[in-house]
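So, here come the structures, one by one.
Two complexes are shown next, each including subunit A; its partner changes from subunit B in the first to subunit C in the second.
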Partner chain A sequence: MDYSQFLYMKEELSLIAVILIIFVVDLFLKPGKRQEAGQARFAIVLPIFLMTIHTLINIIPGTGNVQAFGGMYQYAPMQTIVKAVLNIGTIIVLLMSSQWLKRKDVSINRGEYSVLLLSTLLGMYFMISAGHFLMFFIGLETASIPMAALAAFDKYRYESAEAGAKYILTAMFSSALLLFGLSLIYGTCGTLYFDDLSHHINGSMLQIAAFVLFFAGMGFKLSLVPFHLWTADVYEGSPTPVTGYLSVVSKGSAAFVLMTILIKVFVPLIADWQEVLFWIIIVSITLANIFAVRQKNIKRLMAFSSISQAGYIMLAVITGSAIGMTSLVFYILVYTVANLAIFAIITVIEQNSGKVSINDYAGLYKTNPKLSFIMTLALFSLGGIPPFAGFFSKFFIFMAAFKAGFELLVFIAVVNTIISLYYYLLIVKAMYITPSDEPIPTFKSDCSTRVGLTICLVGIIGLGIASIVYQTIYQYGFGL
Partner chain B sequence: MEITIFIILLPLLSFVFLGLAGKWLSHRAAGLFGTAVLGVVTILSYYTAYTYFTAPRLADGTFATLVPYNFQWLPLFLGAMKFNLGVLLDPISVMMLIVISTVSLMVHIYSFGYMHGERGFQRYYAFLSLFTMSMLGLVVATNIFQMYLFWELVGVSSYLLIGFYFTKAPAVAASKKAFIVTRFADLGFLIGILIYGFYVGTFDFVGPNTSAAVGGAKMIPLALGLMFIGGAGKSAMFPLHIWLPDAMEGPTPVSALIHAATMVVAGVYLVARMFPLFIAFAPNVLHIVAYVAAFTAFYAAAVAIAQTDIKRVLAFSTISQIGFMLVALGVCTSVEPEAGGLGYMAAMFHLFTHAMFKACLFLCAGCIIEQVHSNEMEMMGGMRKYMPITHIAFLFSCLAISGIPPFSGFFSKDEILSACFAFNPIMGWIMTAIAAMTAFYMFRLYYGIFWGKENIEHHTAHKPHEAPATMTIPLIILSVITFFFGWTVSFGHFISPNGKSFDSHLETSVAITSVVIAVLSILIARTMYRNEKQVLADSLQKRFKGLWTAAHHRFYIDEVYQFVTHRIIFGCVSRPIAWFDRHVVDGFFNFLAWSTNALSYQIRGFQSGEIQQYTYVFLIGTLLLILLLIL
Partner chain C sequence: MNLLSIFVLIPLLMMLGLWISRNLAQVRTVMVVGASALLISAITLTVCYLQARSAGATEEMLFRADIIWYAPLNIAYSVGVDGISVAMLLLSGIIVFTGTFASWRLKPLTKEYFLWFTLLSAGVFGFFISIDMFTMYLFYEVALIPMYLLIGVWGSGRKEYAAMKLTLMLMGASAILLCGILGIYFCSGATSMNILNIAHAHNIAVSQQLIWFPMTFVGFGVLGALFPFHTWSPDGHASAPTAVSMLHAGVLMKLGGYGCFRIAMFLMPQAANQLGWIFLILTTISVVYGALSACVQTDLKYINAYSSVSHCGLVLFAILMINQTATTGAILQMLSHGLMTALFFALIGMIYGRTHTRDTRELSGLMRIMPFLGVGYVIAGLANLGLPGFSGFIAEMTIFVGSFQHFDTFHRTITIIACTSIVITAVYILRLVGKILYGVCTNEHHLKLTDATWDERVAVIVLIVCVAGLGMAPLWISNMISNSVVPIVSNLTLMH
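Presenting the complex of A and B:
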């Protein structure tokens, strides 16, 4: 065997190194009485620092497509960009979890948290670069099992435990369906290599069933309707940084993988999957919006918002084109900064006052003007109001879908943006207009949260205007 | 030439810095910072111009068109269409760099004295920087879309600066009027750009022989015509001129910079920029431009004769002079300067000289207004005794605008008149007559301010004195330019319609007629307004009372607008639309909200919290999808 092939996996290898370092350092950082403050800071900063280095050394895309290990591992330059986007998301999540990690009951498991979080990221890496369905499945499971542990991380809180249980049960169920689908594919084609499969898939009834089962498994990760019912409960129960991670990083990677597999493997079934996606998009966007309108808890509201956002992302997938791919990655990036900004603010408010209901946000503008301001911009970006980045990302997605001939779908999506604006603006209204007798008291968020929010703010304002980002993604959009 | 990017970035930086950090700076620091940045920009512009014009010409005798930067800002996925932002250097854009940076620097220095102690001094300088950045970005635009982008930015900064004294109701009304009127005109510009982009297939400025231009040949006249509507709005052509006189509510240096020298000539620049296409595909549209402009020039000159507010006289004079420039462009029939293309060079020449002397006139007016605390001529008179420097500068500029040699205005106006005579003698005589009116109203203004009947009572109460050095130095510089520029610089060597060097020479007959007529007009103005008692003027005013009142009220154009907008548009068009909006459109959205809410209430049971039910739905959904595909 040629061991130099491992060099193609440098992104995965460096992430494994990061995980190992954190793991080992954590062994020697058992909380003693004396240096607790300094150690705490070190334990929080170390993963962020290592992840930053990891991101920076892996940010330049390779020059061409590469295969390693007999096609089990496939590399394309676009993957580097997607992984970088996921890295940025993870770094922001790490930044915003710091305050939560300082809490007594959680602080003892700090190292565990980072290791689990980065393990799911590693799973996503493998999922993205897989060239074989088994490899893909291992990645998928690596990404979802630690996630259940993360969801249940606040183990003394009843809701968190519930979230963990619900997540793992639904994940098992969907994995079972997905595996069943894979076995059908293997049964009809005799191979699970992506490159070979596209020649063997001919649209027989079993293969269609296999495709739908596979799609259902991915639909679970993306929380598309009707595979979405777990979302609200899990989002509400999990620790807020984990919710942010679930809604952005996990979802982003799944969307990218779904699109690549649809294009690479299921290309002979294009008419079928476009039809499936067509209905799924309509149902996801609309139903999620309708549910979101009535939510009182901001985390549940964001859960439904993320379902409808997933529907918008699918709008890029349905095109099956290079422009669709570019807009998908750009959308994920923009969605990452905006959504994580909101979750970071929810986290600090929850940590400082324990409040998560929208009504509690009344009068936030008076007491915490900066947070309200960033929250407003992030919500505007999610709602797609120009000139924020969200407008451009939606614009590109709509344009891609429009060019691919899905005019009706674009129209429905545009009508739905109006509905989504309604519930986003409910939060803004609560913060700025609704008077409150006892608003959330003024507090100072900690340093790393502020860094995270600054990154998000720069992204929200800058990504739409700095066309270079989109250009760079565009360059690699055809490389699949 | 990579350095040119800083010409745009530095004022932007200054705007951001002064805008964000301004309130922590002292007035002095903010003003010095803004002025220093602009000084650097001016030096860079001069350097650019020097290297550009001293570089060897191309083989066919033209200056190279340089594009040091051209970033793709927004891809459109429609063929070759994209929105770019960049820097384009060719003779006219380089010339505009000089005009804008020079006048802007003068205004920056002058404002130091004029705005001394005003509230919002830092904000004022921030806006000036924003304006300068936008205007520079406009002239170096590499494509029509970038031009539009900065065009609107210029409009915004103009709006902000006209409304600078936002506690004064007239200033607020004027700023709104300016913005709405120009925005309305820009609608035409935008539609023109879209038509141009759609049929030509690019937003770039293309030459008449490129395949892109030929492909869209039949729609180009329409596109250019619509673009000119935008240009007419910014350049205050009749009937879109109504905003400019009101814009005088802004601080006087702003009037000098924006509403005399730079922004209002954007329309002229636009026509000049599209000139090759005008000549090749739409000569008739170009001639329409000339007729509109000639009428505007006449109308504005007639109104200027009957105004008593000195800034309004200057405003109407600006409208009239811009009319001259557009007439010069409009009478062109080819790109050969010797055969019908002279007007292009004349228009650019006049743009340059007019920017200098009109800025000087406005700055002088600012000095005077600051001393007598009024815009009305009756509060002045006899000011020559108190303000000698201002007096001389004003006189120089008046002589220039009247076309008296050797001042710069004589040379540029002479070229315009020659171009008009070459096009059509009738046009030539009309423009000569308007030039005579120009000389008359300018000297009416001059004698009214500096000679004539002195308002002794007012002047003893507040004794006027000469303005401080920060204000007089710009006047002196601009007067010197006005005095020397015409006969020391051979303009045709740098700018000509086909790009080749060309020797412009005075046409003796035209020159002599225009000078004689101008001198006669000045003499008439002298006899009417120089003395204490203005018998002749008063009796004429009595005899033609109706005409005078009409002219004084600008021939009631504003009232016509008022009638059209309020009665016709608001009453007959807006009301029904508003009804439709309130009942049908809002109804649709209320229905959407109501049905969303109702549905949301009905289906809330789905989200029961029971995991068994979740998987059940999951499975049913999967099976349904399989059925959907198989059946």
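Presenting the complex of A and C:
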């Protein structure tokens, strides 16, 4: 056996190293009386520090497409970029969870939190780099099972336990569907290698059924309508940093993988899957937006917002083109910084005052001007308002879809941005305009949250104006 | 460094300055310095432009600069100006300058107010200098969104409703506009989003133009108060704080007319000729209906807002006439309406700041109590109804002369119908002036009120000088505009 093949997996290997270090170090960090504060700080900073190093040493994409282990593992330079985007998201999530991790009942599980979080990330890595459906499936499961534990992390809170149960049930159900689809594919084609499959897929009824089952399984992960029913409850119940992670990193990786598989494997069925996606996009964006308008709890609102954002992401997937792929990755990056900024702010407010309803945000500007300012910019970015990055990412996605000939779809999506703008503005209105008798008191968020918010703010303002980010992604857009 | 980029750079520096300023004095200093710099740059640009033209520069756009921004998507930051944009930049410079003084004493959250105000003006300036559709659209939206907070936080009356309605209607329109822009770009097969390249290529098939022209025209037209999409305007203007009303009616609504002309009609001439009649009917309704609605309002700001609908309708009406005289008139009307409506809103804001009511039924005899504001109001009113010697007369005269150059019955009939707005305007303006300024003051609280302060005087005097100056010496600017209108109008008539 050629052991040098392992070098192609350097990203996965370094992440495994990070996980192991954290795991081992955590064993020696016993909650003693004396150095508790110092140890707590160390336990929080260590994963962030290691992840930063991990991101930095793996940030430069390789030169060409490589296959290892007989095609089970496939590498393309674009994957490095996607993994870097996921890393950035994870780092921000780790930064924003620090305040929550200092809470008494959670603090003893600090180590598990990082390990579980990074395990899901590892699963996503394998999912992204898979060259075979079995590998893909293992990655998918590694990414979803620890997620259920994370959703139930506040185990003494009823909603959190419920969220964990709901997540694991839907995840298992969708995995079963997906697995059934895969077995049908194996039955008709006799192989599960991505490279071979595209020659065997010919559009027979069984294969279309297989595709539908596969897509339904992915639809659950991406929380597209009509597979979205778990989303709002899980988002509401999970600890807020986990919700942020779920809405951004988990969703982003699933969207990217879906697009690569659709292009690589199901390319003979392109007309069929475009038809399916066409309707899914319309329904996802429209229904989610309409439901979001009625929400009172900000986490539920963000849940529906993330469903509609997934619809926008699918707009890039439906193009099936390199420019669509570029727009997709750029969109995920921009969406990551904006959405995580919002979840970071929700987290600190929840930790400091326990309030999560939109009405409680009334008068926030008077007491916490900086937080509400960043929140406003992040909401504007999500709503696609220039000069913030969200405008650029939306525009590019629309451009890609328009170029692929989906004019009507773009029109519907664009009109929907107005509905989404409405409910984003409701939050802005609460913070700036609505007077309040008992606003959220003034507080100072902790250092690492502030670092996280700064990263997000730089991203929200800079990613669109500095075209270099998009162009870097574009360079590797064809490498599929 | 391109001369034109200064117009975007100054607001950005102003925002930076506002961000770091610590107290009211510093905020005011930053605003005055920045607004003056913008005004001076606008005047300098006008002088440079006229010199370059008289020195024989014949290109369509001067002071061009192209910086590739997103190479894979053919998006560039392209700037350039012709006479029309120079006139608009000058207008914006004046309004931003006077608007700063009109909001001199605004409270609370002065710093944040000016931050959003400056962002809005950055959008406006950026829009007028851009000739790339992407950057144009970007600046267009930058100019729209601050309105939500400016009205919502600092407004009066039903401000939350008005702010949401205005934002959603305008953003909805810009959503349609986005589709229109993408349609134009992809159907033209152009390799850049530059307006000039697309216009000169003449590549868009007529069947495609018929789809994208209405979208683009309506998209911009909503901001230009096109009937029946004008309903955001009265509510928005009535609730907005003074300087925001000024900037909005004075400059922002011009973005609509300018965009209709520069993008919708210039790039899709055949569709403009074929579908023009539909929009001509709608704009005629805007003109007459706006004026009639103004007659029955009792809130000073509502009167002026409907009057703006009528006058901005006239702008769209004139550009749809597709000839040089009428189009020149349209641009003059944009200038003239921008100045006098800003003057009007400034004065209404100052009166409201003292009397705390804008209801005409409760106001009377103000001329004796605040003579400076009263005289200013009379002048604004006379300019509005088109008295010779003021800018309104020049603009409307040019428009109607141009419109009447069409020989067919349809154009002549609607021109005559639109002309009635002049009479209706005279009715509501004169009645209003008579009611609130003259007569006996019935409210004793009003007797103790004071006249304008120095900052208010600066704003009012600058605007009056501009309105009168444009009315007395219109030729230099109308020639500048008229020369720039020629290539666009000839493009439109050739395609007839």
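The definition used in the following text is that the second predicted complex is superposed on the first by the 480 of 480 C-alpha atoms of A that agree within 3 Å, B and C clash if a C-alpha of one lies under 4 Å from a C-alpha of the other, contacts with A are read in each partner's own complex, and residues count from 1 in each chain.
Keep in mind that, in the parts below, a residue touches a chain if its C-beta (ideal position, glycine included) is under 8 Å from a C-beta of that chain, and two chains touch if they have at least 3 such contacts.
Model, not experiment: these values are computed from the prediction.
When the two structures are aligned on the shared chain, A:Asp446 is found in touch with neither subunit B nor subunit C. When the shared chain is aligned, subunit C comes close enough to touch A:Pro387, but subunit B does not.
Within the superposed three-chain model, A:Leu425 lies in touch with subunit C and out of touch with subunit B [touch as defined at top]. Legend: residue contacts after superposition of the two complexes on their common chain; A:Asp272 is shown touching subunit B, with no touch to subunit C. Of the two partner chains placed by superposition, only subunit B is touched by A:Asp233; subunit C is not. With both structures placed on the common chain, the touch criterion links A:Ile323 to subunit B and to subunit C. Put simply, more of the residues of subunit A are touched by B, taking subunit B and subunit C as the two choices. In the overlay built on the shared chain, the residue A:Asp196 is in contact with neither subunit B nor subunit C.
Contacts of A:Glu159 after superposition on the shared chain: neither subunit B nor subunit C is touched. Of the two partner chains placed by superposition, only subunit B is touched by A:Leu169; subunit C is not. With the contact threshold set out at the top, residues 323, 399, 403, 415, 418, 422, 467, 470-471, 474 of subunit A are in contact with subunit B in one structure and with subunit C in the other. Residues of subunit A that touch subunit C in their complex: 323, 326, 380, 385-387, 391, 395-396, 398-399, 402-403, 407, 410-411, 414-415, 417-418, 421-422, 425, 428-429, 432-433, 467, 470-471, 474. Touching subunit B in their complex are the following residues of subunit A: 165-166, 169-170, 173-174, 177, 205, 208-209, 211-213, 215-216, 220, 225-227, 229-230, 232-233, 272, 275-276, 279-280, 287, 289-291, 293-294, 323, 399, 403, 415, 418-419, 422, 467, 470-471, 474. If you check the complex, the residues on subunit C that touch subunit A are 69-73, 134, 138-139, 141-142, 145, 148-149, 152-153, 159-160, 163-164, 167-168, 171-172, 175-176, 178-179, 182-183, 186. Those residues of subunit B that touch subunit A in the complex are listed here as 71-75, 77, 589, 592-593, 596-597, 599-601, 603-604, 606-607, 609, 611, 613-615, 617-622, 625-626, 628-630.
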